[in-house]
Structure formats: C-alpha cells, structure tokens
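Before anything else, here is the set of structures, which you'll find just below.
Two complexes follow with chain A in common, the first pairing it with chain B and the second with chain C.
Up next, the complex of A and B:
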C-alpha cells in the first residue's frame, strides 16, 4: 500500500466517525484530536476501525505515535 | 424501561486493612464519623472573610497565601506542548486579584455571570477564582461543546462576560455574537495581534498585565450566589443549577472525608472544569484543602496518564468510569510498568463503576477503585466508598457524614414515603440542608420546587440500599442520558436535529455501552422524498457534531418510518429503549397506535 493509499484509508475511517471532517484542511503534523472534535469513545472507535481495516495492532503504549495523521500513516505502513 | 431485571451477583466485599496505616486516613471509622460530624464543626475548618462573610476565593486562595503554604504550588499545569508551569498560592492570589480588578475596570458589576469557555489553561482557573473574588458568578462551559449548547447556556445565564481563547471564539462564538445580546465583554487569550484582529474583544493577558494587584474581596456571604452549573433534564432547556459561596464547607469536608485529601498531597482530578466535578474537585476542594492540584491540558492517553501519575508523584487521583474502562482495556501490566507507589487513593465518579473495574484496581494500583456518587445539584460528593471502609464492588458506598440518604417512593399527594426494607428499589433522596445543595434553577422556580418533597431532595436516580447500608445505583427515573459521565437531555438534542432540512421527527435515547456507560442514539424519521440511507445518516451526524460537539451529538442514527408517541403526542422514548434492549415493552395503553419496529439498518460508524 502506498503512502497516499494509506492516508486515504485513514481519512475514510476518520470520516466514518466524524463525517464533518474535511481531509484537505487537516494538518498532518498536528495531533488529530486538536483539529477534530473526537471524544474518548470516538477516538477508540477510530483506532479499532484502523485495526480492522489494516490488521495492524495498535497497543495503548503506541497511542502517541499515531496521534497525528502523518504519524498514523507512517505507523500503519511500518507495521 | 423495565427495572425489574435481576440484579447481577456481586463479587465479595473487598476488606480494608484494620491495623496501622503508613498514612492514616482522615476517616478511620465510618460509624463513629457519622455520629460525631456536624456541618457547624466542618465550617470551623475555614476562616471566614476578613470582614465577615464567606467567599470561596478567600478560603481557597488567600487563606493559604497568607500562611506557610504561600510558596507551595497551588496549581501545577502540564501544557499540551510539554511545558510544565505552576502557580503558587501567593501567585494565584495575585493573579486572581488582578482578574477581579480587570472586571471592575471594565465596569462589570458584582453579581454578573462570567462564562468561561477554555481548555484547561491557567487563565481558566484564574478567571474562575477571580470572578468569585469579584463577587460575580462563575459559569463554566465545556470547551468541547459546539455553538448550540454555548448559545443556549449563555442566553439562559444572561452572561455579561465571556472568557475564552482566540481559537474557541472564532470556531464557536464569533458567528453567533449578534445572538448573544447580554454579552458585554469578551476577554480573549491569544497573541496581541490575533486579539486585535477580532473586533469587540479584549486581550485578557494585556488587561491582566496592566491591572493592579492590591487585595480585593467582595463582601459575599455564605448565601451569595457563586457558581452556575448547567445540567440537562428530559424536557426543555438546560437547567442552571445555582450554588453559593457557603458550598465550600462541603467541598472541603467531602474532599477530606471522601477523597482523603491531606497536607502535602498532589491531587489529580481528571474532570474538565466545564462540568461540575472539574469545578468542585478540580478547583475548589483541593485548594480549600491547601494541596497541590495537578492540571493536565491534554487528552486521555493511557500511557501518558500513567507517566503523569508516576512523574508527578500523584497521591490522590479522582477520575471517571470511561477512562478507567479504557485503562482496564489497556491492561494492568501497563499500570504496573510505572512507579505508582505514591498513589494512596483512587476514586471515580460520573456513572456507576462496574464491579469488575472496581476489583481491577487491586491488580493495577494495589487498591480497589473507590466509586462515589453525586450530581450537579448536590454540589459535592454525597455517597462514597472511603479509604478505610470495606468496598462492595459495584456499590456507590455509604452517605457522607452529615448527609442523610434514603430510598423513597413519590406518593400521589406530592409527598414521599421512605422505603426502609433492605434492597427496596425506589428514588434516591437526600435530606435537604447540606451546605453545597443547589439553591435554585435559574429562572425556573417551579422546576426547583418539584425537586423537593417532605424535606427531601429527590435526585431522579433510582437506587436501593442493602441491609448493611450500602447504596446501589439502579437507573435514571427519567429519560436523561448519561454518557461518559455527562448528562445529556434528549429534548435538547431532538430539537436541534429537527433543524436539519432532511429530518421530520427525531427521538433520542441512551443505549448501553461498555466504555461510556451509555451512548446517544437518535431515531430519525426522514422527510418525504429523502433517501434514508447511510449517506444521509452521515450528513445528519456531521451536522449534529458541529452543532453540539462530539460529547453530546448522537453516535448513531437509525431511520424509522414513524416514532411511537402517546395519544397526547409525547415521544415514548422508553418504548424505543425497551426495544433497543429487547426488554418487555410495558404498558402501552397510552400509545397512539402500535408503532412498527425500527426499519432500515443501523447507521453507526
């Protein structure tokens, strides 16, 4: 999977949780939760959805690595 | 909703050690404390304002700033960008004086409502205590709220001053400023350039820097209005629960008895001050007790939270079921990988903490998690599991010394009957008169009056008391939804959903969720000609999220051809809920016509 494909996948899952999100307006380097209104339940649902879509396990200890869109894409590609 | 489901078998009680304690608990013997405690004695633990009267800012700040605690950290901030700053009691006294002078300088009269909409930044705390010092009323707004809940609360509360940040102002207030005519002053936290670019606002940091810092304290009494907390009911507008300066007697007493706050403690209450817990226990109680209060600006992340507990040597930790359930999910090993040896007491509030999570605390922290119970209206903890009392997992514990609780049944003549039999199920009631009891719902005297009968405050929660005096939560007596510890009024959400052009009718209920307790779910009747599909569900959810914020907006939408209503037209939310849960539907004699079961799929993310 290319970086662009992974980014599209992550955005699609994010928009399933938060349909109002405009992917083009997101800053990939800033934490997602500072830009998108996600409560704990939303955020957990997002990470679980990423796991289901990619098969990549994201343990709680790695949550900081996936906090930004860029970090998330890189993490999923690397694992 | 049917309430006669069998009670699950509770795990055995967790015994507390009886002998010597390394740090003795404030409350060692529950029965003895109940016998000897009086609120009059509790009030003696405070000073009283220098000129007489009572002011929270004096008791929580000035009293310590004039003592050996002056140089101790009152608030320790862990900023999002990783910085770690602090305000000592002396510095907090100075900053809150300046804030009070800023209000005076703007011509704000005492008794004004000051709304604060901010993340957990230092200015929020300075504004809260500075407002109280000024004799005005502090009303917090949850920063995750969307524009709609902000508008309704500022309007209802007739907010004269709003303290917020440039980012939040631009995102949530600016566009609707013209609809908030009561708002005379908007004080913004941001860079001078950012604030200068926004007409009709002031630069809070510049005003604070220029303000004098000589002592100032409004001549408030124990009965003067101090705090306005909005909460939700089944019907109508949000309710503004009014609290007085005298409530600090209960904040301090409950902080010491239920949370075991002691000299030298580092206390972390993870609740946001946008909710009552974050004000009563995230600001007032710990400062009244003279401890150091940790403030984490960031969001919940298991690893980071454990790191904070370890690094900051947190001794008392007050958090919420949703966070605990997520920590349980992350595993006790993650907790044990950190040095949590300083942690003396762990407590939870928000909604009932499930028994297995209470017990899990032993694995993770070497102690059960101590659940307690209270509401916006009670102002402080009313029923609790104490450090030295055996814990029955799943129970909310026993009433605080000075608090009388009972299970009652409302009778037809607006009186109540106390149900004394063990395990009898009824409404949880509290004998009126504790210091932090709310003194009214703003502009809604009738609604306030209906909360009381025969000298009891009726909580709207259904509960039972076992033979040994432990109380157990059963459910809500009304249709209010409790999600991640927040009360959400279905009517407020339904009304706004109806503003979406594709929505003809809407009904909102809470559905059980293992993490959040309940999640908000909407049943929607689409307007004729609208395709009731996934795309429309996503559009409506996006609309609702932007209006309410994630914490309040429905997490799922199901389209139905019509809603079940009574003959008088009231939505039968209970019936929707019973169907959702597969429970008996109960008495349907008032139903206008049999409603078909939900059609179409579930539209969850």
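Up next, the complex of A and C:
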C-alpha cells in the first residue's frame, strides 16, 4: 500500500466517526485530537477500525506515535 | 392477544411519529426483533419488540403521531396460524377494543387536536384495522416484509431518503451487513461522481419525516429543555464532589491492557462506571425512580450513559443490569452503545428505564461536572478529567493522576451523608481495581 492509499484509508475511518472532518484542512503534523473532537470512545473506535482494516494492533504504549495523521500513516505502513 | 404500546424513551418524550413498519400482519416476531422505526424529537429509533408473538394488526399508519402508551401493534400468541387466515384475524378480535377505549385510544386524539392536520389520520387506525395493514406494504419504503433484510441504520435511511438514493444498491459494511451512514455516504459519492448533473429525481417515498438537520436540532433542544426544566423545577438537587487518586487504577489498567488485543482494550471510563455500579449496591436511595410522589428503589442497576451527539444534543442510552456485567462486558457495552448512539443506530429498548445516570466530560478537560438529574431518576454521577495534580502522599507532595467525581442527588430521597459515603466508596474501589 502506498503512503497516499494509507492516508486515504486513515482519513476514511476518521470520517466514519467524525463525518465533519475535512481531510484537506487537517494538519498532518498536529495531534488529531487537537483538531478533531474525539473522546476516548471515539478514539478507541478509530484505532479498532484501523486495526480491522490493516491488521495492525497499536498497543497503548505506541499511542504517542500515532497521535498525528502523518505519524499514524507512517506507523501503519511500518507495521 | 396483547397490544404493544408506544414505549417511553425518557422523561423528555411524550409522543412519537411512526415512520415505517417492517413487519406485516401474519409475521412472527421474537423479543428484540425489529418492528419498525419511530421518530421523536431526538431522532429516529429502531422500534424493537419487547415480546414474542404473531402480528395481528398494525394499529397506526406510518406518518401518524401518537402519544406514549398508545397501542400501536396488536400481537396474538405465537400459535401456528394458517397463512390465509392471518390477514383476517385482526378483524374479528376488534370488538374487545371498546372496553379499552377510555384508557388509550383517546390519548392520541386529545393531544393531537391542536395539531389539526394530523388529527383526521389518527383515529383512522383503530376504526379500520384493515387500512393500516394495507398501508403497511406500500408505505414501508425499502424494507421488505422479510425479517431478514439487511439492517439499515435510521440515520442511513434518512440520509438516503433525503438524497433519493435507493438502498437496494448499497453494500452494508456494518454488523451483519448493516447499511450505515458511511455506506450511504460512499454510495452517494459514487453516484454523484457518475452523474455530475444534480440529482433532481424525486426523493424516494419515505418517512413521513419532514425533518431537516435544522429542525432535528430544534427538536433535540426542545427535548433537552423539557427534561432539564422539569428536573430543576421538581427535584431539589444537592451536590457533592470527591477527588480520587487514580494512580493504582491506571497502573493496573495499563498492565491489564498490555496483554490484550486492541479489540479488548478497556477504557478508564469503564473502570469508573464499574466502581460506580458496585458502590450503588450499598446505597439503594440513589438508584431507582421517583414517581407520583414516591421513590421506588431498584435492585438492578440500569445505567444511563449521557452521550453527546456530534450535531448537538444529548441521548442517554441505558446499560441494563449493569451490576451483572464484568469489567470487560461493561467496557464492550459502553463502546457499543456510545458508538451506535452517535451513528443514529439505537433501538428503543436501549432507551428509557434507567435508574441512574453517569456523565463523563473528562475528555473535554473540565475538572468537574455538576449534573442535572434525569427525571424520574434521583441521582447522576459525573466524572471530570483525569489530570496530573499535586497530591499529598504520606506527608510528601507527589504528582498523581486525579479525577473529581461528583454526585447530584435528589434531597427528597437521600441526604448528603449517604451521598458522601457513596462517593467515598467509589474512591475506595478504585484503589483496588483488580477486584473489578
């Protein structure tokens, strides 16, 4: 999967939870939860959706690494 | 022979519009089966059956607004009935309707009167049982009479209807192939790509709902306003708050989650709910309902989870019998309910019947939330943010993750001392989370 495809996948899962998100307006280097209103239930739902789509299980100790859109895409591609 | 009546989904609901039926006379239904959809001020909900039987008649035509308690579906006992006889069954038993008249059938008419345009429709249902059954087939839009059609979330159905999208061509990716809001959005995007010209086709015949996003928000605000106004008018609240060190609980939870796949990961919020439910067992005067001037304690703990919707407004779906749930079960129920609430895919059996509520605004960073009791309940527990704070430990200053737990309770039913004992008990339980 290319970086663009992975980014599109992550954005699609994010928009399933937060339909108001405009992918083009997101800053890839800023934490998602600072830009999108996601509570802990939304956020876990988002990570579970990514797990189901990619097979990657993100442990809690790696939450820091996936906090931004760029970080998330890179992490999923690397695993 | 029994009637299913329009259920109350909370103190803020006194009527609903029947949007569609997905059963027809002669269909056998089990407890929990989908009967149709209803629309309240808070949105559209799947109406699931609270009993088993065979549908004898649909008593209310789609598009009709009825008050809580109005008989809407007549069920007969689930004995094998020749198919041919089924459609006629409703007519014979119609006679017994008369004795019930003073009780229910009048309810829809009286309140309906001021809303003139709908009045003529309502009475039609009880008088002519044949009409609604005939109406049911053409008026129920996408659902086929088969109870096994893929489930469509009410929100997905509404969006599809607004855009004139035929759901038959949409692939569902939800649970058991259910069509979700996202599936409809994808299908719409695909269609719009294919036909750049604005889709001007007549909208699919549907739901009698004339709701636009703006009126839905208006309805939601009205419903919330009614509930909180009644609460503040009728319930003398008292408020307590209690700070709890979550150092032990969070350390335990981190170890617990480290060994588990992401799909079984437990949220701190579930731990807080669990401790609250356990502590309630010792304080019956906080768990139950106050109606008609008297308090009825409940031995079961049905917890309403106050959930904010993305478009604004609140819904409090209920985890029934929470006292019987393990931590893992509570966590799963919490995730499932909150996600389905926000996706607009709740069932009516998941609303109403709460005996206490929990509100958690911690993710938004507030230190404490002083809740408004949801009548007829008598207490609401609130959680603020879990944040590092200076904390005295053994005479030394430490930095610990601390949460402020609040209680708003009905002073007619309990006194502050009981509330204080309850909050202290929650705090103690959170020091030994492994017992959860």
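Assume the second predicted complex is superposed on the first by the 79 of 79 C-alpha atoms of A that agree within 3 Å, B and C clash if a C-alpha of one lies under 4 Å from a C-alpha of the other, contacts with A are read in each partner's own complex, and residues count from 1 in each chain.
The working rule: a contact is a pair of C-beta atoms (placed from the backbone, for glycine too) under 8 Å apart; a residue touches a chain by one contact, two chains touch by 3 or more.
Being a predicted model, the structure only gives us computed values, none of them experimental.
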With the two complexes overlaid on their shared chain, look at chain A and say whether chain B and chain C clash or fit. clash
Quick check for you: in the superposed arrangement, does A:49 touch first (chain B), second (chain C), both or neither? first
Considering only touches as defined above, state whether A:16 meets chain B (first), chain C (second), both or neither. both
Taking the superposition as given, does A:63 touch the first partner, chain B, the second, chain C, both, or neither? first
Taking the superposition as given, does A:78 touch the first partner, chain B, the second, chain C, both, or neither? neither
Please work out whether A:41 is in contact with chain B alone, chain C alone, both, or neither, and reply first, second, both or neither. both
Go through the superposed model and pick first if A:25 touches only chain B, second if only chain C, both, or neither. neither
Can you tell which stretch of chain C bumps into chain B once we superpose, 40-48, 76-84 or 94-102? 40-48
Residue overlap on chain A between the chain B interface and the chain C interface 15-20, 37, 39-42, 44-45, 59-61
Can you name the residues of chain B that touch chain A in the complex? 80, 144, 146, 299-304, 322-323, 326, 329-331, 334, 483-484, 513, 515-516, 519, 538-539, 541-543, 545-546, 549-551, 555, 605
In the complex, chain A residues that touch chain C: 15-20, 37, 39-42, 44-45, 47-48, 51, 57-61
Report the residues of chain C in contact with chain A in the complex, numbered from low to high. 180-182, 185, 254, 257-258, 261-263, 265, 267-269, 310, 334-335, 338-339, 342, 363-364
Footprint of chain B on chain A - complex, ascending: 15-20, 33-34, 37-45, 49, 59-61, 63-64, 67
